[in-house]
Every structure is written in structure tokens, then in C-alpha cells.
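The structure that follows is given in the form of C-alpha cells.
The chains carry the letters A, B, C and D, assigned in the order they are written, with residues numbered from 1 in each.
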Amino acid sequence: MGIVTDKLPGALEKVPGGNVLVTRFDEIINWARASSLWPLTFGTSCCAIEMLMATGGPRHDLARFGAEVARPSPRQADLLILAGTIVKRMAPRLRTLYEQMAEPRYVIATGACTISGGPFIYHSYTTVRGADEIIPVDVYVPGCPPRPEQLFHGLLTLQKMIKEGETIREPGVRRKPVISALPEGITLEDIQGEMKELLVKENVVDVQHAVDKLKWPSGLNESSSGDSGANERGAGDGA
Amino acid sequence: MADALLNQLSLTLSVHTSDVFVAPAMSLADRASRALESGVWGAVLYIVIGLVAVLTAVSVLGLVMSYIERKVAGHFQCRLGPMRVGPHGVLQSLADGIKLLFKEGIEPGHGDKVIFIGAPIFSITATILLLAIVPLAPGIQVVDMNVGVVYIAAVSGLGVMGILMGGWSSNNKWSLLGAMRAGAQMISYEVSLTIALLVVVLFSGTLKVSEIIESQQQGWWIWRGHGVAIVAFCLYVIASTAELNRTPFDLPEGESELTGGYHTEYSGLRFSFFFLAEFANLFVFSALAVTFFFGGWLPFHVGNYEGFNSVMDLLPPVISPMFWFGSKCATLIFILMWFRWTFPRLRMDQLMRLEWKVLLPIGFANLILAATVVLTGLYFFPSAT
Amino acid sequence: MTVEVSSLKELVEQASGDDRSPDTQEYFVNMGPQHPSTHGVLRLVLKLDGERVLRCIPVLGYIHRSIEKISEHMNYMNCVHLTDRMDYLSSIMNNWAVSKAVEEAAGIEVNSRIQTIRTIFAELERIQSHQLWWGVLGMDLGAFTPFLYGIRDREVLNDVMEETVGARLTMNYVLPGGLMADIHPNFVHRVKEFIKYFRPKLDEYDDLLTNNVIIQERLRNVGILSPQTAVQYGATGPVLRGSGVAFDLRKDHPYGVYDQADFEVPVGTIGDSWDRYWVRVEEMRQSMNIVEQLLDNIPPGDFLVKKLNSKIKIPEGRYYSQLETARGILGVFIVSDKKDEPYRMHYRSPNFNNLWCLEPMIKGDYIASLIGAMSSLDLVIPDIDR
Amino acid sequence: MEREALQAAVCELDSTVSPLDANADRAAVIVEASALPAIVRRLRDQPQFAFAQLLDHVAVDWIDRGQFELIYQLYSFKHKHFLSVSVFVPREDPRVPTLCRVHPVAEWQEREVYDLFGVLYDDHPDLRRLFLEDDWVGFPLRKDYQDDFMLDRPR
């Protein structure tokens, strides 16, 4: 870490009111880090088109979040968006790339292949089953490939994680991430209860209705794929 | 001993605060010379304050420019640019700056540490020195030496040293390639840049920057120069784009070819120095173009058309220089950004061919033409006096 | 007759040892696997003299996902979705190639509605792929704005296709025996709208890149690939056509309903990067022509010829089928042993064969030319490695 | 040329060529390994064949028969016809002369087959692993390839 973050907390906390000051510093630094996530231009396969190209495009525009400054050099990048399958031969290179990035660094794993190996798990002699076998991952964005909106959700989740999770007292250690997918005041139990009710209510399935749903109805409204639950896991320390 | 020194210091300070810093009618340049005459401490104080002011200006300029660049790029590309950090993303560059400040600084294992650390400082020093001579408004100029143009030519050549040092010391072949490209490119285009400026020096008959501006009271050189100045201005814009390493001349960085070019190995604060220097240079080169070709802070005047001139002078004298200088500068910066987001990149051999076989002969011919114009006194809008 | 198995390290050592010139020192540079303009994880080991490329050794395998091995353990229906992830920019054509091979092998006749829809989608996807290529070429040559213009128009087409297919990139739309779903009622209308939108945009593309002096300087007479070399090095698709060989499976061995459509095959003259650029831009226009001709007379019928059965069994034998994707000939080779899983599945990928044209194209030229030439090859690395 | 006619014409080239009827849709012949480069060169140079391009090179592991089948797909731009040339080599000692001198693209297609099947190509200028690391053990597309890493699909 930089000189400031190393020396500052120890020096400040002895001063009366230093604790508050350090906390303020935390807030400002975390805000800056969360608002300025420069991704590394790194993509191995299909997800790269969706994650780096389509999201950077005019429709979705990654720049709105201040994350369009894609750095080709890992030294200057903050965010490693893992887009695409990782194979055995790539694994050491990926690790090197991660090591070359300067702290603090964040990793978003996008797509089924990067999370678990995806369609290439079985009978494959090369595919690594999940990038988290190689490097710590902060946010998982499932999909094959995920839609750009899902990446944004992942990015916002990461921003929230950074804003709430880090402190300069212990640089490099990230607190357990929050479940950002849920709005405030709603817990996982609420959702599970609601799902149970729905299941009971719709216990009887109307077969004819289900078949009709497969055909295109006349009045169509475009529905977006709503499955954007970015799954988060603890990342461990990146040191 | 210490008391005596302190006494002397407070004495000098009190004398010179009243003398140097309070008197409102004096130009900064006059204050500088006064401060230098008045003793060591006054000079030191003046230099420190001047440098701090310029340093602040560089960082603020860097932040503002990078925000503007991203917004302009966004709108060129049918998108919005930064939106989320502050209203319309205005705090985006601030966040970037703070983040870079607190980011780990990595030094490559087998690199040349001293040069590696020195390179970004060298780079930004060149920018600061260059900014010191830019006249922002009447009297608002840190140094105004009588060999200003020579100073500009000398100092703007320093920037390439930082880049060469950075590329060399990184122990990375891509960096080295980028640095070598930068060296070849910037030194070549330096020639055209200086030749373009010399045209104006011939016209105005002085090397002092403030006097060059004064000489444009009757009309900016770009109008008065019989087309010679327009050619010189075009040469200047092309050469300064190359000096700034911006597309279509961004070969030293050339992301798609050399990953990051000379700053591949830099991270955190050191990278931000390069970053700041680049964006502040964008302002400096536009400001110099405005000074030399568009009359600096002077309003738009046409010689002997008093009615028109008085309309142009309507703005109150406090705002007028700021408005004219700012708007001219902004236009030029916008044009440079327009270049960047439209053109593809040249190849190295094409770049060198353009300089040595096209721009330089045109520049020399132009210089000779300018000399002829000056000798025969064939300006447009000849001054009334 | 000797067999020597070497390694990359030996090759590099051997190649570096043959220069002892006192004036210049040649050196090796790794380009990739993480490099912005290798379009993924291609790695090129470059032997450079200053900025001149003396040797260019492609090193593959950084995204080798063993698709051929996995396919041996999947039924034919499942094999289709793996092909989406090979050349993801021509996913529907990849699906179609496998479906075509399976249909030919199993003797499934598909009706003309299915064929027409497949053809239309293949052409739309070809446009989409070339849009992205156009943008990326601009980006590789240092102009960032064309990239975003390409993406912008790609999104418009993506919406049209997504309405029917339901996916943005890995479409998985064509199955052995038909299609995943019928076309959306809005489809015909929206495709027409798109074509109306995109024709003027193509002229805008011309303004932005094609007519740009720097682009022409960067592409003309760079990376010249003679027709003989192109054929010998196995190039197909726009790379081969750029070299002046008018070979297009759509014309020469028509499949789908290409025989009903009237279109031209654009062909280059000297085979430089500019020709390949021009061929692709022209192909976008031709693809729009094909789509326009087919759009109004999609015949009625089912979108699936028979009940989908994941256990399609193919008679014993070897089957080879191929079609023209956006990058060249994709061949599917199936060896069947009467089970519902293939005994051996092989994909002849266009990119794999096109890649080898790179070294003869740019030998002795600058790194910057290498980037332009590589961009004009339009490589998709997962398709090379499979 | 029709499929049967082409097949017959190719078979008349040399005594080492014999027809193969396993392919449904195109002419296919079997060639003895030692005669392969000469035959392919004649197929390329003789104007009635003019097989200018080597489209594809595939290997099939017939583990029951103890053989590798090496298939070369040839295409002629002039006559627009395809030909599939098969070579059978024993699994224990899979050696076959290289086609690099005839079709340069064979260099990499053969490297792929070497990488995945372990077929050795005599006289190949640069026989290296293509997709896998140089120190990889085994040839993964062989039917009997075993690996600690591979997972079987749960049934």
C-alpha cells in the first residue's frame, strides 16, 4: 500500500479525535475507490464481447460509473473483470496478471465458465473449474454470458462492498460483503416466505395455459431477463 | 544568530509584503523582478508562492481537463460519459485523483529505481515550468522573461526526457519501444513547433511573451499575417498534437500496439503524474497557441474599426481577459479533443515522413515568406501608431 | 526420415542464436496472452529488429477448452450449444453447421420455412459480426470512436434478433431438425426497419474510416497475401476473397436457400489489408440484399420438422458438412458408431486456418502493420483453440 | 466430376490407392502412409484434379482396431470437388510422412493432431505441442486417455 495508508492511521489515532478523522478518511478513500474502478482490458472468450465491448458501448455505457478507462497495463488497473473460460494454460498467466495489479485490486468473475467451468466442466482436460481456484474473487456475476445489466449490478455491488467494507486501518482486508441484491428492510426470510406462499397458491398447474404461454401472444411487451442476482462471496485478503 | 536571521526574515517579509504583494497596479512580473532585487528571502518567498500556485494550477487543470475529455469523448461517441459521481459526474476526476493517490506504487524488480522514480517528476516539472510563462491575464504571469520564446522551446523539450527516462528504467520492452518512439517523435516535431512560433516572433519583433500579446492590439497575428500566420498556426497545431502524444500521434502510448507504452509499468501516484502532465500540457499548448496567434487575453479587435472594437470592449476590464482567454483556449482544446476522438493512429514511418518531408519544408518556406512580409511591412490592419 | 519433437523454448533459443550482427541486436517480445489487440488470449512471440517483425510465432492454447473431447460425451443436441461458444460472433452459423451435419447424416429433411429463417438469421449474424469487426479494426488502428459506432449499430440488430432468439450472444437458435422457436411476429417488420436504419449508417462508416487518409495509409499495401499463399495456407472466407479468389460456399455449393437469393461475392484485387477491409464492408451490403429478398416470402410451415428427440441416432459412418460463417468455412466432421453420442467430433475452424497467413503477410514489416493486418484477419481466438 | 467417377479416377493414380465407401457424400480413398506425400502432390498438380487446398486434417482413434485413421480433406477451386484421403497407421507406432512440403497449412494441422493424438510426422519442420503445454503428459483425444483432472458427467 501507499505510504499514506501505511503510516496515517497509526499517527492519527493517538491524537484526540483521531479516530473520527480516520473514519472520515476511510469514507473519502472508499468513495474514491468505489467511484473510479478502472478495468483491465482482459477477456478470454465470449463474455468479453458482452462484458467489455457491449457494456462499454453507447447503449449501456460503462463510463457512467467512471469505469470506462480500460487500462491495458495491469499496473494501472483496479478491477479485473474475468470474462470467459480460464484454462489450465492460462491459469498461471492470470495469477501473474493479478499479482501485477497494484493494491487495492478487485475481481469480478462474470459468466458460468469463470465461476465454475460452466458447460466445460465435465470431460474437459483443460478447463479450470472456477477462477476462484486461482485468484480471490469479490463479486460473481452469473450468466452465459451475463447481460450487460448484470455486470452493472455486479459493479454496483462491488462499489457498495468497497464503500462499506474497507478501512485503512487494515489495508487489504475486506469485510464480508453485504447482500446488496436486497433492498433495505427486506431479509432473505421474507423472500423465502413469499416464495413458499406463491408455490402453495400456484400448486395447481393449468397445462393448457402453460402451453399457450410458449406461443407468441399477439400483444407483446418486451420483457427483460430479470435474473441479475450477482452472487457474492467473501474474497479473503488480497495481500 | 538564529534570532538575527529570524529578525532579518520578518523584516524582509514585512517590507516585501507591503511592497511586493499589496501594490495592486503592479504586474506579477514586475513584482518578481522587484522581489528578486529586494533580497534573498523575498525571492525565495516569491518563488515558493509562484511554484505552489502553478502546482495547484497543474493539478486542477489536470482534473478539469480529464473530466472534460471524458465528457467530450462520451458525447462524440453517442454516449454520456461519467454520470454517477456527483451531478453529471463532475467529481469523477477528483475520485480518480484520490484513488490514484492511495494506490500502491509498484517499482519493477530489475528496473533502475532512481530514474524510475525521477521520470514522472521530471515530466511534471517540465509542465510546471512551461505553465509558469503562460500569461493568463494582464500581469497574471509567474515569469515574464525577455527570452520567453527561447525558454518555451527549451522547456517543452524537457518533457521528452521524463518519458525517455520512464521507458528506459521500467525494464520492459514495450516501455522501451514506447519511449524510443516518443523520443524520435517529440524531438522531430519540436523543430516544426519552434519554426511555427518563430513566424510570430518575426512579426512581433520580440521574444518576450507579454510583448507578443501587446503587439496584437490592432488585430491578432493569425489575421494580420497574410496567410503565413495561418500556415504557421496549422503547423503549430499538428506539431503540438504530436508533442502532446495525442491521436493521431499517440504512438508512444499506442494502447493497441504497445499496451501502455512508456508508462506501462507505472502505477498509482507516479502514473497520475504522467496523467496530470499530459492533461495540463493540453492546456499549456492551447494557451501558447492563443498567446501567439490569437492575441492572448486581448478581445477581438480589427485595426481602425473603432466602433467594432468598442463593442468588443464592452465587457468589464476584470472579466474581459478571462473571458477572451478562456473562450479561445477552450475552443482550441476542443479542437484537439476532436482530433483525438476522430482520427486513427499513424504508423511510425509515416509519422516521421510527415515531419521531415512535409511539415519541415513547409515550415522553412513559411518562415522565409514571413521574413519577406516583415521586411516589406505588408501586414493587414497596420497599426495606427 | 526423422521425427524431432521440440518445444517453444528450444525454438526461441534456436531462433535467437542465428544473429550476431554488431550493428543491431534482435530481441524477442511476447505479445499476449493479455494484449489489447490480440482479441483475446492469442500469444505471439515476436522476433523484432527495432520495430520490424522478423518472425512471428503464434502460441495457442490459452483458451483450449477441449470442446472436441467434451462432444464425444454429449448427444447431438447438446453438441450444438458448445458450438455457440467457439466462434461466438457467428453462433447461429455454428449451430447451423452442426445441425446441417446431423440432419444430413440422420436423413432429416427440413422444410423451406426453416431453411429460409436460418438463412436470414445467418445473414443478420454476419452483418452483426462484421459490425463488431469494423469497430474493433478502428480501435486497433487507434481510433476509438468507430468502435462505439459499431457497437451502437450492433445493439440495434441485437435487439431484433433477441426478440426471437432470447439471447444476446450465444444464440443457440438452430437445432438439428428445425429451430428453437418460431420467429417473433414483429420480426419481419423490425428487420426491415433495421435495414432502413443501417444502410445510411454504412455510408457513415465510409465517412469515418473508409475514406480516411490515415486508414488507407495504414491498410493499403500492408499485409499482402497473394492468392497462391492464401490457398496454400488454408485461408477461407473474406481473407481468401480479399486475395482475389472468388470462393464462397454460399455461391459455389449453395445450402439453405442461398440459391434463391441474388447476391454478389465481393472479391479483392491484390490481397492487402485494405482489400480484406473492403470485402467485409461490401459483404454487409450484400447480406442486407439477401435478407431483403428473403424476408417477404418466408414460406409457411412448422419451425420444427418433428418432435424434438435428444437421442438422435446417426447411422455408422463418417460425415463432413460445412458452411460459410462470417470468417470462412466451418467444417463439422462427425464419426458415428450408431450411438446417440458421436464417436469423434471435429470442427474445422476458419480462424485456425486463417491465422497462419499472418506470418507470410507481415514478415519484415512494422509492429503497427502487424496490428492492422491481424485486425483485417478478424480472428476469434476461442474458435482457433476450440 | 461425379463422386464415383472422381473416386475411380483417383484410385487409378497409383496402386497404393484404394477406394473407401464409408463416406456418404464425397469421394474418399485410402492411401498407404509411405505414398501419401507423392499422391497428394500429384492430386494437387494434375489439372484434372487440381486439389489446391488442404481444408482439414482429422485423426480418428479406432481403438478397437488398434489404428489411427488420418483424414485429409482436399478441395479443388477449379473443379469445385472434394476428396477425402484416409491413411491408417498403427496405434503403437503412429508415424506418417508430413505434407508440409505440399500444403504449407499442413504444418499446423499436423501439429494439432500430434498434440491431441500423438501421431508423429516424419520430416516435420517444427513438431511441437500446439494447444497444450510442452510438458503435458499424454495425448488427450485418444480414447484411452486418463487424467486425474477430468471429471465424468454424473449420470
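One rule holds for everything that comes next: a residue touches a chain if its C-beta (ideal position, glycine included) is under 8 Å from a C-beta of that chain, and two chains touch if they have at least 3 such contacts.
Nothing here was measured: the structure is a model prediction, and the numbers come from that model.
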Message: Counting C-beta pairs in contact, which chain pair has more, B-C or A-D?
response: B-C
Between chain B and chain C, centroid-to-centroid distance (C-alpha), Å: 47
- line: Whole-angstrom distance, CA centroid of chain A to CA centroid of chain D, is 46
Task: Between chain A and chain C, tell me the centre distance in angstrom, where each centre is the average of that chain's C-alpha atoms.
output: 31
Task: State, to the nearest whole Å, the distance from the C-alpha centre of chain C to the C-alpha centre of chain D.
output: 24
Task: Hunt down the residues of chain C that sit against at least two other chains at once, touch-wise.
output: 35-36, 61, 64, 66, 69, 73, 148, 152
For chain B, residues contacting two or more additional chains: 77-79, 255-256, 259
Message: By the touch rule stated above, which residues of chain A touch at least two different other chains?
response: 57-58, 72, 89, 122-126
- request: By the touch definition up top, name every chain pair that qualifies.
  value: A-B, A-C, A-D, B-C, C-D
Statement: As the complex stands, chain A meets chain B at residues 1-2, 4-5, 28-29, 31-33, 35-36, 57-58, 61, 63-66, 68-69, 71-73, 75-76, 78, 100, 102-104, 168
Statement: Given the complex, residues on chain D that touch chain C span 22-26, 28, 52-56, 58, 60-61, 71, 73, 77, 80, 82, 84, 95, 97, 103-105, 107-109, 112, 114, 116, 120-124, 126-134, 140-141, 153
- request: Please name which positions on chain A make contact with chain D in the complex.
  value: 88-89, 121-126, 129
Message: Give the list of chain B residues in touch with chain C in this complex.
response: 73, 76-79, 173-174, 177, 247-248, 250-251, 254-259, 341-350
- prompt: So in the complex, which bits of chain C are touching chain D?
  reply: 1-9, 11, 60-61, 64, 66, 68-69, 73, 104-105, 231-234, 236, 245, 247, 252-253, 317-322, 329, 331, 333, 335, 343-344, 346, 348, 352-353, 355-356, 385
